[in-house]
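Each of the next two complexes has chain A plus one more chain, namely chain B in the first and chain C in the second.
So, the complex of A and B:
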């Protein structure tokens, strides 16, 4: 099983994302955006990692979404192959319309607005460890294939524009009904508190990750590749204090999900 | 009254160049889009009692414009764009944190008590070889310049 980690100009998480994917048993390579797009067909899955593609010019993800490689990825998605977009990868997938995948650009990932007790207490870039609650049953989505509804996964985030907004008032109901909301920000006990610091960026309904209707394309703002090994975890985490620094971290389950999805869908 | 500061870069504008390249090379506007420029627009609503708006505009520009790399044009109430391009204004339809921050800075820290509100937007200047340039500008705005879930646009003619 071989995955392509897509590298645009300004991507900066491609190496650690590939290391994390390999730790889950996936083979893979970094795929530069200007390689012949047809070469993508030889891969079983795709990851668009984090960073600042095209320096976030115009708005995050907008320029990369117009590259030919995204047309090729759209074709691979239509064949059912898995795609996971992380942070800037999520922004690119929303700008390209692959997420939520309803036919157009249906959401925006806007600047963070942190609200506490009804007041804005902070805006813009934020970096923190977060806990995500899986909102969908196992096998619903390629990136949460081995996770069950209610499972908690912790990983860090670092972004300025992850606040999911939409002008379509019916969209949230549809995403909920179709099980397209895959991850929500929650506290360590799994409670989805609507305000900061649990809702880290003001995202509608605490959304941290969504998938397309078919479930093979997932986008999430936090970084699973940054919690794929025990050595990456906070000092207070029990997995780290156990001593084996190379032991799996919780974020690896996203990549293990992708691997299992590919095995099952082949 | 409204003071408008149209701010443009003296140094090369990498963002404008990237947008131009994307439109020409990736979105099929190679034969249509002759040139593209960008300005930042600060629209500052101030008390009507201000006696010398031109002087106030100069003082506001000192805070909002970095003249080492930017130049500006100030107008009061109306904005007159030059011929030869379609001006497309793009702004946020959701809360603009940078505009709020600028307003608070001007009023609360720098003593501009006459400032009522601050709006920030971008003006994309599209030189187009098209039969209906305004219609083409709308297509470009909707196809690239905005995400309709957080931005709005307005053709400024």
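So, the complex of A and C:
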């Protein structure tokens, strides 16, 4: 099972993302954006890692979403192969319409705005550990394939534009009904508090990650690759110093999900 | 330009009319060495290379006199763009440390961003992967006369750092921020970058052996040269005056982290190719002094000359004069020297694989000339020779013997009555902009990118990364300097900065492996400022020498990199002497490192380091009593060494589960921070009488004498005490971790501090965000 980690100019998380995928038992390589796109067909899955592709010119993800490599990825997605977009990768997937996958560019990841007790308390880039609550049953989505509804997964986030917005009010209902909302920001006990710091960027309904209707394409703002080893955890987590340097962190379950999805679907 | 035969006034007028900073005597010495009148481009080359920034003309003698740059672990001292020390037999850590003070005062965002941009190039060009940065910052008084301007600068600098560093993809794992009115019109923005490289894969910033004889190609890679940053090093070597602000803006470079990110990846591909094929190249960043500085230093340091054609260099416009092409400080550029047979493949990596011309308008790699054997530095432009000078004469620079005179420091210890309610006082100290939580700033920084981060800002006294996957070793990083101590005693400011930076890495269990110094002072042409500089260097060198490299008796911790920044001065005066020290610590296994937050109720808490009447420059004196005082904390070298190594050993032996060093805010702030850093629910009950001192309670709590607080692992008390005694340290068991979120301090039978930690957390967290609002 081999995955391609797509590298655009300005991507900056490709190496650790590949390491994390490998720790989950996936083989893979980094795939530079201007390689012949037809070479993508030989991979079983795709990860679009974080960074600042094309300098976030115009809007985060907007330029990369127009690259030929994205057309190739769209074809692979239609074949049911899994694609996971992390942070800037999520932004690229929304700009390309692959997410929420309803035919257009239906959501955007806008500038963070942190609201507490009705007041804006902060704006801009924010880096912190967060807890995600899985909102969908197991097997619903490639990147949460082995996670059950209600499972909690902690990992860091680091972005300035992760505030999911939409102009289409019916869309939220549809995403909820179709189980396309995969992850929500919550506190350590699993409570989805609507205000900062639990809702860390102002995102609608605390949304941290969504999938397409078919479930093979997932985008999420937080970084599972930065939480794939126990030693990466915050010091208040007792698992941090347990086991050796290969001991898993919670984020690895995203990559293990992808692996399991590939095993089951092919 | 005519110099020979003109009088001083005429020469001066000629130099200034074209914007040269050279003095008349410097210009005359150039003409004398050439035996003719120099061309304008030649004078600009000398202006650049003989600037304080490039030549260290005032500081070199002092640095050579005091600093220890060698050691058993040193792979490369300060002779190139970055210093290198060994981690083990295979891996090395690369470190560089610079200032970007003047640009950041004028254009905070761009100034700070290009500061990071420059320092990461210094590390990358050694063949290293850049794995961490740190940012020591000094701003003016956020509640003083210039508060609005100060806050504008502070916000712009922090924005510049995150906008650049985060996009580049290098985690910011350490830093500090101090507010002090001496920085009102001259902020300090220092930047530290750390990289890793295998010992056999270090790339030198010089022409390789044989380059002249075999006519190696000189290639410039990156952004098209424009006029940005022209005069940058000269601007850095003068005092800041308001009326020059407009002109100075043009001397600030324009940052581009996106292009840098792509260049780093292309460089990585180039380095891999040269490693695989065993080809030796020279590689250097184009920083201060631009093309002239990089090309002349790369040639001269190998004993070669250079023959360069500025027409071949890719430029943003074709109407730039030759001196601008040569001396502009356009960002995101590197220089490569390689054998001609490598050239086509090197060009392909940049221009095709990484597609620079399409990724960024006008960016590419261009061959611009050849290395020669004749020792001449020749540049041509539009068919004429614009510069033909001795490369050695240009790069050797000049030396000044500056006069020094001790500054009269008229400070007294205040006579104060101890306040009755020390809980209120401690709360005030915790909420002060210099002690409060740094969270407001570090949440803007991507501290996690690269996925190597083990300890983040706010979790301990130093940041820690595991930079090589598959290896267990960690690199710790901390920065330190206290300007208020500098105001009282430059010597002790230097020494305490070294000691604290070392304590910071020791507090997580790492041993100090190397230091860097970024020395920020006023105008060295003023004897008092030069004296402050010399005193600081003497103090920091004495501390580095006396605190020893672990495992090597009588061997200084080496200082492998650094920077001198003079002219941090405006008509309002100079900045407080600021010898900012960075310390790299190493630990064999990152999982053995400890953080500062309290771990478990019932654990014993030990004080390491006796309290002395040392409140000069303290947070308590300034915040509560509005005075500076005189009794500055000093470093008792043997005691300090024993404390540092006892803490490292006790963590290595797993006797200690939390540690935090004592610095500004004293014992009181240290204890509170250990309780505030973790999850709510734990507190402390401490008995100050166990400190074995007859000082009054306020002095015990707020003295900034060096030391640590340690939380002992349950059941390891006896072992810890034996270890401490083995280092000749007093046993001062102050108390215990409690299961209620309160901090108690008792003194002579009275409870002198009783603090609700949830209320304290609000004040502690708000202190910095309020100051930067």
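The working rule: the second predicted complex is superposed on the first by the 263 of 266 C-alpha atoms of A that agree within 3 Å, B and C clash if a C-alpha of one lies under 4 Å from a C-alpha of the other, contacts with A are read in each partner's own complex, and residues count from 1 in each chain.
Convention: contacts are C-beta pairs under 8 Å (C-beta built on N, C-alpha and C of every residue); 3 or more make two chains touch, one makes a residue touch a chain.
Note that this is a predicted model, so its numbers are computed, not measured.
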Inset, instruction - Kindly say whether there is room for both chain B and chain C on chain A in the superposition, answering fit or clash. - result: fit
Inset, instruction - For A:167, decide between first (touching chain B), second (touching chain C), both and neither. - result: first
Legend entry - chain A-centred angle between chain C and chain B, computed on Cα centres after superposition, in steps of 10 °: 70
Legend entry - If touched residues of chain A are counted for chain B and for chain C, the larger one: C
Inset, instruction - Would you sort A:55 into first (chain B), second (chain C), both or neither based on which partner it touches? - result: both
Legend entry - Touched partner set for A:149, first chain B, second chain C, both or neither: neither
Inset, instruction - Kindly classify A:111 by the partners it touches after superposition: chain B alone (first), chain C alone (second), both, or neither? - result: first
Inset, instruction - Name the contact category of A:194: first (chain B only), second (chain C only), both, or neither. - result: neither
Inset, instruction - Give one of first, second, both or neither to describe whether A:124 is in contact with chain B, with chain C, with both, or with none. - result: both
Legend entry - Least C-alpha distance (whole Å) that remains between chain C and chain B when both complexes are overlaid: 5
Inset, instruction - Kindly list the residues of chain A that each of chain B and chain C touches, one partner per complex. - result: 54-55, 124
Legend entry - chain A partner contacts - residues on chain B that touch it in the complex: 14-15, 18-19, 22, 26-27, 93-95, 97, 101, 144-145, 147-151
Legend entry - chain A to chain B touching residues, read off their complex: 54-55, 57-59, 62-63, 66-68, 95, 105-108, 110-111, 113, 123-124, 165-168
Legend entry - Residues of chain A defined as touching chain C within the complex: 7, 9-13, 15-16, 19-20, 32, 34, 50-52, 54-56, 122, 124-128, 156, 158, 223, 225-226, 228-229, 231-232, 234-236, 240-241, 245
Legend entry - Residue ranges of chain C touching chain A (in the complex, touch as defined): 159, 162-163, 166-169, 256-258, 261-262, 265, 353-355, 359, 442-456, 459-460, 466, 469-470, 472, 590-591, 595, 597, 678-679
